[in-house]
Amino acid sequence: MAREIGWERNVDPVGIWEHRGKVALVGRGHSTTDRRWDGVSMDKTLGAYAMVAAQAAMEDAGISPDEVDGVITSAGGQPGHRSFGEQWAPRPYFDPPYDTEDGLTFVTAEWLSRQLGLRNVKYLNSHGETFWNLMGLAFQAVGDGRCEVCLVPYPNGNLEGRYHQAEGLSAPGAAQWSSPWGWGLSGQGFVFDQYCRKYGSNHDRMAPFVVQERKNGLLWPHSYYALHEPEPFTEEDYVNGRWIAKGLSIFDCDRPVQAAACYVVTTAERARDMRQKPVYVLDHTEGMFQPRSLVQTLEESEEWSDILAKRAYAGSGLRPGDIDLFSPYDGFAINAQYFLEAFGWRGVKRGEAHDFYAGDISLHGPNPLNSGGGNMGTGRMRTAFVTDPMEQLQGRAGDRQVKVDANVAVTIGVLPGNACTLVFSTSPD
Amino acid sequence: MPRPIPIPDDLSRPFWDGCNERRLLVQYCTYCDRKQFPPEPDCRECGWHFHLTWIQTTGRGVIIGSSVTYDSRIVAWHDQQPYLNAVISLEEDPVIHFHSNLPGVPVHDVPVGAAVIVDFIEVTPGQLIPEWKLA
Amino acid sequence: MKILLSFDIDGTLELGDPPGGVTVEMVRRAHEQGFIIGSCSDRPLSSQRAMWERIDMVPAFVASKHQLGDVKMKVSADAYYHMGDRDTDFQAAEENDFGFWWAHEAVAEPWLALQEDE
């Protein structure tokens, strides 16, 4: 089916979302989480995991496959609608009888719908991009009436080997402006360095945030770390991490994993009859920006995240004090501060994020930041950013359940230059 | 040391040719009175390509920040690790940036805020690229 | 002669993720034969310590990969060797004057020959 375009709410003034409170999240399901796919085990492909997640999500919502009339997916989990095999690690094309990557490192709505035997689907879309944008697209599609009971799987995978490695001495295209000087993840370190110079901080002051995220993530059963590396991660561990580029340590980088999640998104009206307490969607807003010149600067990171925050407040009608739970994307961990400060959550102003991290950001305190653990606590699944707020608002987050009254949750990702903000509430009003 | 060599394309060729003449050029929109780098098909301000030309800069700049790369994704650079990555802001238009490895400057002692001037180094016979040195 | 062996974990030891070819038995044998053993890996220090606990061994050191030089300062030995599966392992060894074996070479326990040479 054709790609939807122009659905994003990215032109100011956005105004209150026309479907505010009329769309709801009612179910979630997860596969297990592996470090990588071995390329041969057919029960561990992204397709297999998306099926497991979809079945769990339908069961969670208490619906039968026949009730589903839409499937919206981000087929490769990445921007650009490509499989991660194509985009990251080079993957030799699969041998016959398999004639496609669909269902292996790539999961289209068409494939999933066929595999699950969904008989009443009238809307299929495989063009969701990164996780937040995928959810925004699904919320808009359901609000617009393209479908009423929609499965929204998010597969994100990993293969053997290192990815993003540029070989050779030829620098064509965009690389001509960066590779001759060896520029790459130094861009992350550079902006963090600018931040620390401007506000008088240092990298070690990130430690309490990353350590708290791992603690939260270890309490989530689907987390990569809960499943495979359950020992605590300490401040000593963090400050002993090696630099990838100064300002960005190995423990600021999220660990790529192989996992899928799936959500059931429906109208507020249909949600009332389903098994779980509905989590209402108050808003989604998007934004994409381009650096003025060769590199993204701190000034731009702040300017863009300010625009995104203002847009989200205008679109949802909320003020900073209305947000009970805030979950800014953290892969890389050193980016979360730009969102936190832009949204002014708990009064945090520019330059104050690291002071805030030094305070009580625990699940049981007044400021439970990234209560789901983010990517640092769960691996690069990204889905903790929706599953956790959902479970917190439904009061079924188990050991992670925060002590503050959780009625409104906001999450934003991925990076300041390309992000979507999602706003959830226990009430449709 | 061998480093990745820029491959000029139609859009970038004037810049790289300029480097070979030891001139640091940036795109310039005569209508918007606005510099643009790296080059783009159209001026980002007015959206037109009609008024885009190239002008020579002073070649003077300021170091606005840096990082040090320890684990590069660019394999050709692995032998040089850890190496310095500085960002240079053009003196006459600070929103225009350039990369530099600041040859000779200790990687952990970068004088952020210091003035620099452009220099050119050969990456392969027939191709110079801009580098920067303390003024 | 005291010889220090620094093991990378992921991609090198059988306990790593991905698993490498160097078995716990090889590590234990080296330990029993008097080699000074420890790990130097991209894993958090806590995670490295947990791994040694799981196999009921006490390492002489655990370190992050960029701290291989510190190992030399803290643990005295006559010769130092690191083994691993990544360029970063090779570089760390080279920078700090450690002998080096790639993970696939290490499965042959080349350190045993060093003692025989004595």
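The chains carry the letters A, B and C, assigned in the order they are written, with residues numbered from 1 in each.
To be clear about the criterion, contacts are C-beta pairs under 8 Å (C-beta built on N, C-alpha and C of every residue); 3 or more make two chains touch, one makes a residue touch a chain.
Worth saying up front: this structure is predicted, and the values here are computed from it rather than measured.
Engineer: Please name the chain that ends up farthest from chain A once chain centres are defined by their CA atoms averaged.
Structural biologist: Looking at centroid distances, C is the chain farthest away.
Engineer: What pair of chains has the most C-beta pairs in contact?
Structural biologist: Greatest count of contact pairs is found between chains A-B.
Engineer: Between chain A and chain B, what is the gap in Å from one C-alpha centre to the other?
Structural biologist: That pair's centroid distance is 34 Å.
Engineer: In whole angstrom, what separates the CA-based centres of chain B and chain C?
Structural biologist: For chain B versus chain C, the centre distance works out to 42 Å.
Engineer: With chain centres taken as the means of their Cα atoms, state the distance from chain A to chain C in Å.
Structural biologist: Distance between chain centres: 37 Å.
Engineer: Please list all residues of chain C that touch 2 or more other chains.
Structural biologist: 66
Engineer: Residues of chain B touching 2+ other chains?
Structural biologist: Where chain B meets two or more other chains at a single residue, that happens at 70-71.
Engineer: Using the touch definition from the top, which residues of chain A touch two or more other chains?
Structural biologist: As it turns out, chain A has residues touching two or more other chains at 242-243, 250.
Engineer: Report the residues of chain B in contact with chain C in the complex, numbered from low to high.
Structural biologist: Spelled out, the residues of chain B in touch with chain C are 70-71, 78, 81.
Engineer: Quick check on the complex: what are the chain B residues that touch chain A?
Structural biologist: Chain B residues touching chain A: 2-9, 12, 37-38, 44, 64-77, 80, 82-83, 85, 87, 95-101, 112, 123, 129.
Engineer: Applying the document's contact rule, which stretches of chain A touch chain C when the two form their complex?
Structural biologist: That would be residues 35-36, 160, 162, 228-229, 231-234, 236-238, 240-243, 250-251 of chain A.
Engineer: Within the complex, which stretch of chain C touches chain B?
Structural biologist: Residue positions touching the partner: 66, 87-88, 91.
Engineer: Write out the stretch or stretches of chain C touching chain A in their complex.
Structural biologist: 17-18, 42, 44-47, 50, 64-67, 86
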